[in-house]
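Structure, as structure tokens:
First chain written, first letter: the chains are A, B, C and D, and each begins at residue 1.
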Amino acid sequence: MTNIDTSFNFEIRKSKIDAQSLSEDLRTDKGLGGIVIFEGRVRNQSEGKEVLKLEYESYKELAESEGKKILKEALAKYAQVKSVICIHGEGEMEPGDLAVWVGAASPHRDEAFQACRYVIEAVKHRLPIWKKETFKTGEAHWVNCREHHAIPCN
Amino acid sequence: MTNIDTSFNFEIRKSKIDAQSLSEDLRTDKGLGGIVIFEGRVRNQSEGKEVLKLEYESYKELAESEGKKILKEALAKYAQVKSVICIHGEGEMEPGDLAVWVGAASPHRDEAFQACRYVIEAVKHRLPIWKKETFKTGEAHWVNCREHHAIPCN
Amino acid sequence: MSAQAPIKHIKVRYFALLREERGLDLEEIDTTAHTLEQLYKELANRYRFSLEANSLAVSQDDNFAAWGDSIKDGSTIVFIPPVAGG
Amino acid sequence: MSAQAPIKHIKVRYFALLREERGLDLEEIDTTAHTLEQLYKELANRYRFSLEANSLAVSQDDNFAAWGDSIKDGSTIVFIPPVAGG
């Protein structure tokens, strides 16, 4: 990024994700009036059962390089968008905890909406990140591990 | 709303809009894992000129009843969305200030994105709110007052 | 001599450009206009408003109204310039 | 006697379900497998992995790779179970 007021950051983070400080990072360029944020939080139920906790595991090296690639794709596809940030959590989480945060800022709202959506869809489908869900019954399983498709390879 | 954990609020607010406390209001129901937020901030330029300030004026009674109607429409159209909040600022603002905040929360992300977008589009097109833009040159004008169409009547 | 049109006592509130052109934000007036459209034409002519009726919306008693609606005695009427929220 | 396949010394990292099924997250092995697919089949057979190759992706040296890619001596290989980020 050549403009020092814009933001570009993808990170897998073990510590708690601070939504407020991230949204402040997005707001530094006062030419960017349209800001769209997606927060993915751990739900208290899944498949009709009560969730006790989730554990996120990542292949951090590849997740971070692929994550940065996704953000670059979003900037290229939505040229008005100048700032884009995505932080994905790792480790143990409880219902209500922030698992993933995506923010996009653009002079106008349309491209900010589209870029934010593009990033979260790609993050969910392409990053080597897994989650193990433990229900209040004690039962635990790796989400999607058997049902879903492989990552599309480049 | 029958569920005490969900949020429903539309307001025209003269005081500063606190994005953080609003997003906390959206997060009270831990079944709602997908949260989408739109922030509309005053840009430092418009029509190629540097903006000094904006002044928002509203016909508050009608804006608030119409705003609540828009939120109800969003909840009806996107049935998974359980919490929706929109606060629109009023009075004098500088570049960077938060003019409008929209948040929608749903168990899954798709409807949260759609509901958030639905609300901001309707807010921009239907609410009796006006803004007067003052450029650094001293020149001032009511935005759109001559160029745009009337509110569609019910 | 034709029957006299009934006189209605109403309030008109002004916002944004119309407020500036009128120079006030509220006035009480007596009018013989039957519809909201007739009232706007009467006032636009008197105060030289720059906005055409077809670029405005209108409300009566805090509800959106149609230009052909009758004016109710005692009501509050607002002519709504093109909006620019957000 | 046919020519001996060259032995390559590699690292394999395991994540999520494969890590649990293997019981460790990293091992160094010698293999004569030529492609990544051959290597997975060899390991899946040895450790009774429950996931079929066609439900996995694969990487070599922290880049996504194709199943038919040759194994490079000294590289690090990861078999990537279906993902569930967000």
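Assorted remarks:
Just so it is clear, a residue touches a chain if its C-beta (ideal position, glycine included) is under 8 Å from a C-beta of that chain, and two chains touch if they have at least 3 such contacts.
The structure presented is a predicted model; accordingly, all values stated were derived computationally and were not measured.
Any chain that touches chain B and also touches chain D is listed here: A.
Chain C and chain D have Cα centroids lying 77 Å from one another. Between the CA-based centres of chain B and chain C the separation comes to 27 Å, rounded to the whole angstrom. For this pair, chain A with chain C, the centres built from the Cα atoms lie 51 Å apart. For chain C, residues that reach two or more other chains under the stated contact definition are 86. Multi-chain contact residues, meaning those touching two or more other chains, occur in chain A at positions 40, 109, 120. Chain pairs that touch one another are A-B, A-D, B-C.
Those residues of chain B whose C-beta lies close enough to touch chain C in the complex are 40, 56-59, 61-63, 65-66, 88, 99-100, 120, 123-132, 142-154. Residue ranges of chain C in contact with chain B, taken from their complex: 13, 15-17, 19, 50-51, 54-59, 62-66, 78, 80-86. Every residue of chain B that touches chain A in the complex is listed here, in rising order: 19-20, 23, 27, 30-45, 95-96, 107, 109, 112-113, 116-117, 120.
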